[in-house]
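Order of writing sets the chain letters: A, B, C, D and E. Residues in each chain are counted from 1.
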Amino acid sequence: YAASDLVFAFKELKKVYKEKYPQDRIRVIFGSSGKGYSQIVNSAPFDIIFSANELYVKKLEEKGLTVSPIKLYAYGKIVLWTRKDSEIDVKKGINVLLDKKVKKISIANWKHAPYGVAAKECLEYYNLFEKVRDKLIVGENIAQTAQYAESGAVDVGIIALSLALSDRLKMEGIYYLLSEKCYSPIRQAYAVLKHAKEDKERFDTAMRFFNFISSKEAKKILKKYGFSLPEN
Amino acid sequence: MIEIDIEKKLIGAQGKFNLKFSFSSDKNTFLSIFGKSGSGKTTILRIIAGLEKADRGKIVVNNKVWLDTEKGINIPPQKRNVGFVFQNYALFPNMTVLENILFAMNKKDVKKALEILKDVELEPLKDRYPNTLSGGQQQRVALARAIARNPEILLLDEPLSSLDFSIRFKLQDLIKKLHQKFQLTTILVSHEPQEVIKLSDVVVHIENGKILKVGNPLDIFKKKEVSAKFSFFGYVVDIKKADILYLAVINIGTDIVEVALTEDDIKDIKIGDRVLVASKAFNPIIKKAPLREP
Amino acid sequence: MESIDFNPFFLSLKLGFVTTVLLFFIGIPLGYFIAYSKVRFKSVFEALIALPLVLPPTVLGFYLLLLFNKRGLLGSLWEKISGHQLAFHFEGLVAASLIFSLPFMVHPLISGFKSVDRSLIEASYTLGKTKLQTLFRVILPNMKPSIITGIVLTFAHTIGEFGVVLIVGGNIEGETKVVSIAIYDAVESLDYASAHIYSAILIAISFFTLLTVYILNKRFEV
Amino acid sequence: MIEIDIEKKLIGAQGKFNLKFSFSSDKNTFLSIFGKSGSGKTTILRIIAGLEKADRGKIVVNNKVWLDTEKGINIPPQKRNVGFVFQNYALFPNMTVLENILFAMNKKDVKKALEILKDVELEPLKDRYPNTLSGGQQQRVALARAIARNPEILLLDEPLSSLDFSIRFKLQDLIKKLHQKFQLTTILVSHEPQEVIKLSDVVVHIENGKILKVGNPLDIFKKKEVSAKFSFFGYVVDIKKADILYLAVINIGTDIVEVALTEDDIKDIKIGDRVLVASKAFNPIIKKAPLREP
Amino acid sequence: MESIDFNPFFLSLKLGFVTTVLLFFIGIPLGYFIAYSKVRFKSVFEALIALPLVLPPTVLGFYLLLLFNKRGLLGSLWEKISGHQLAFHFEGLVAASLIFSLPFMVHPLISGFKSVDRSLIEASYTLGKTKLQTLFRVILPNMKPSIITGIVLTFAHTIGEFGVVLIVGGNIEGETKVVSIAIYDAVESLDYASAHIYSAILIAISFFTLLTVYILNKRFEV
């Protein structure tokens, strides 16, 4: 089970992993981390969880549902994104949000989406939150937030770098990387789950994949897709 | 004033047949249509009301053209001012008896509606819904509704078939009265010769969609068998022996009479036979009778 | 658990009522047409109406978003009329609900129209009543169970649906944040207590609304 | 063998009334119920069939207890072997004529079904759906269906009311024949005295739910007014002047006769009056007549 | 865009058919009871049946998940019977679909039952037919438009719904990944090309399925 923002990175990670361990079959299910959490608590048959929010994994650990240590695999980054044809120059930085041309801004839901939390923190950091509050359109997850921006329904989106780097969004828009100092790091963590223990072979595979993600190769890929990497 | 000339293909019990009906009159006629089950009577009324299409034909009522297939005229039923009593009543289940009547009126007039209901002896049932009424009560509501519409032409499809004689007679009188009072054209489908004779100016006898006979009721119904002035058809209900004679109990219309028979006679006649009873030398007396059930 | 905000309930009920009422008046001519017209390809229409249903709501929402935003066909039109796009506004929610709840109103109405005895309609015509008078005084009152079905399904589905509403509405407090989204939010943030309470209140309100519909209907039943 | 004793409160045109009906016979009787519209006839049949609940009562048919409110017995309609011809026919619109008949049979027997359809003159319509039939045709299907059920007791609610005389007579004969052949108990509701007299062993005349008279049809229908052997009620249709006399055209049953009147007579009598026509000195002849329409 | 995988279509259709057929047989006795019984609190039942609708699907899904997992009431029962829990298995999807599509089947059937002429039922009884025979030979054939409505709405809604299915099923390939989820996934990963193609195929299949229903129905219509 993997958070939605990993969709693009995982395509490549899977390919590389397959080359290394051709005998292993892995299947990835993407979704919001919260949903994954509830499903796992209710005995979903998932072996590893990659959560966009470390908190969920910690909670799983508390419930004794993890069988490996919790590891960080990446920090998410957020960007301002706009369509190329929007006549808004996001490169000017965050204050562009105050521009009159920017009527609507999409942001992920800060109540449960980690990218939303970060975006909100960042806006608050620059004392912009209250000023743009009326312009905010809340996306349920980061993909939806991106859709709003991409479809032109909003003028600017605060989205994950990983999405801004996807083929589609790269083609259609321009982004501005927000400074990492304006929000607390989006700590993305993963762990092997209890369910894997039921079957020896599966457990071995899970552990191999678990280790693979912290390998240099994997880190390179993650980086390419817009995640910054934990120091360890 | 009415002019009807219509044609339509139907599929009946004996395969396809062509319904062909024409009638015209420049007075306000009471026309009865008489004929076997399935001969096309209801269809004629439905075409006049505009509920069914004629293959070909023309209908003119009071100088208004309702249908002219040649000119492509076919005005919708809503614009034809007819009062139709349907064979299956077609009362509105969502309205009370009174509401059914009021619905038919262009100008709602509760007093008049109640009067009509009194005429059909249903006033006390005015707030009942149709499906809580007996068959005959429903039929009377249907009649009352058609009358309430204040039509130019009244189409009655066996409007009294479920009623007993006493109310039936009263309603016949009511229909006759309305017909005269409002100068209506009335077309009645009925199987009851008594009714047809009593009410109509003209009778059309149809069979398999074709007109067999047209004429005034007396001509149509007067029997031709004997020249006697006083003769009836009846059914033998019973044959009793009385002294040296036999007594045949014969049912004629709603009456029962006894006729003496000789031994010879009864060879030919048995219970259930249809017979003609006639008198050669006869001096009838006639006496007014109270209107009541036998 | 945060304190209960009643605004989403209000919005949901408003959305439910507005959509149901509008759909009722859209559904009647549409159902009438499909049930009674003798057009050859009627079945095609019937099947088409049900189609919005087979798309996942968020996906339908996504397509509607493309249509409703200020560069979309309808959105730009609406912007000219009202000064703002359809997406992210209550009107947009209504428009979206109209589309995705259409089959829940129209299909029951079609079967209702078909169940009304033809001879009642004919009787009404011979009494000089227009098609419209016949529709309102004769046909509709005699297909009440189907109307109730249409209303109940439409109302309940509009209240409960959130996929389309979420995308088209954008979860804006006081404008498009209906209660289904509030519950969803609560569940996603693992705030189950709020979710339970919201759900309980929503179910209670809906239950009494529906019960009222049924009891009113019984009261006026023949 | 039948024993009926039932009671039920009804709401009629004159307010609430109590339907009270009892009848018993140890033979297979042909009973007719006769009475005004709304007097409770249909309700009696429905209670016998088990479609309506009696407030109190007992029904025993061929030694089987169908209803006994005291003992709390009320077996459902499905278990009562009745053939019911409904006043409104109640044909199944989803089945063809033949399928309607077959549905009524416990053992589907197409040959027998077709025979019954031939009896009611509907064989050529066997593959038609009921709503494409004329009123009279539907009524005949309803009768055929009730017969096909092979019932112990036949309940006929005005089964022939929409039919013209010729087919009506034939079906009366059919009903009579079946009644005798299968030793049925038959209960007929009819407004037609001719029919009641022809068919029934016993007639019950009810009014407002109460039994007014019970007896054999001749007793019930024989008129009491004059002692003449040959006298009839009729309606004056027309009065014509002929020489010094007047001729009254009188409609008696399905017949028309002319009776000579003096100037004196016509003072009292006008068109539309119900009159009694009688002969004091009278020597009737009687002659077999072909069975046909007038 | 990845190559089209037809397995989700197959799963969706299977889910749609199984759910519709099961619901038909559940809906008939339930609708029959509600339409004809004279129980006092019938309206309460009618209102209750529509209630699953007012909850947002994912939230309903969440509650069902609690019920269907191996420690849940139904899930544990099912595990005893079949060896695995309900959640995250095809059976679980079916069970969930049964619950959330119930009103779409039952409500049209109720109005259908109410539209059948009482005297036809009585006629059938006097002909000695049992309630069951009457139901199948007389009542159901005379309420066909309502049955069609029930089937069409149930089928279409089951195919399209993904909120409940996503949570209860968990998006497991070959077992619970139905096409609505596949489309949702594609849209979420901004893979619109796939989404369009999946949607187009889904709509085409559904359209022809529904059209077949309507045309078959016409064929057998009186």
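Following the convention adopted for this analysis, contacts are C-beta pairs under 8 Å (C-beta built on N, C-alpha and C of every residue); 3 or more make two chains touch, one makes a residue touch a chain.
Computed from a prediction, not measured in an experiment: that's the story for all the values here.
Touching chain B and chain E together: C, D. Think of each touching pair as a link: the shortest run of links from chain A to chain E has 1 of them.
If each chain is reduced to the centroid of its CA atoms, chain C and chain D end up 54 Å from each other. Between chain C and chain E, the centres computed from C-alpha atoms are 19 Å apart. Centre-to-centre spacing of chain A and chain C amounts to 36 Å, using the average Cα coordinate of each chain.
Spacing of chain A relative to chain B, judged by their CA centroids, is 86 angstrom. Residue positions 88 of chain B each touch two or more of the other chains.
Residue positions of chain E touching 2 or more other chains, listed in rising order: 58, 62, 187.
Residue positions 35, 38, 144, 147 of chain A are each in touch with at least two other chains. Pairwise, the chains that touch each other are A-C, A-E, B-C, B-D, C-E, D-E. For chain B in complex with chain C, the residues that touch the partner chain are 49-51, 76-84, 86, 88, 90-94, 103-104, 106, 129, 131, 145, 149.
Interface of chain E with chain A (complex): residues 58, 62, 65-66, 68-72, 85, 87-88, 166-167, 170-173, 185, 187-192. Of all the residues in chain E, the ones that touch chain D in their complex are 117, 119-120, 122-131, 137-138, 141-142, 222.
Chain A contributes residues 32, 34-35, 37-38, 59, 104, 106, 109, 111-112, 136-140, 144, 147-148, 151-153 to its touches with chain C in the complex. Residues 43-44, 46-48, 50-51, 53-60, 62-63, 103-104, 107-108, 110-112, 114-115, 143, 145-146, 148-149, 152-153, 156-157, 159-163, 180-181, 183-184, 187, 195, 199, 202-203, 206-207, 210-211, 213-215, 218 of chain E touch chain C in their complex.
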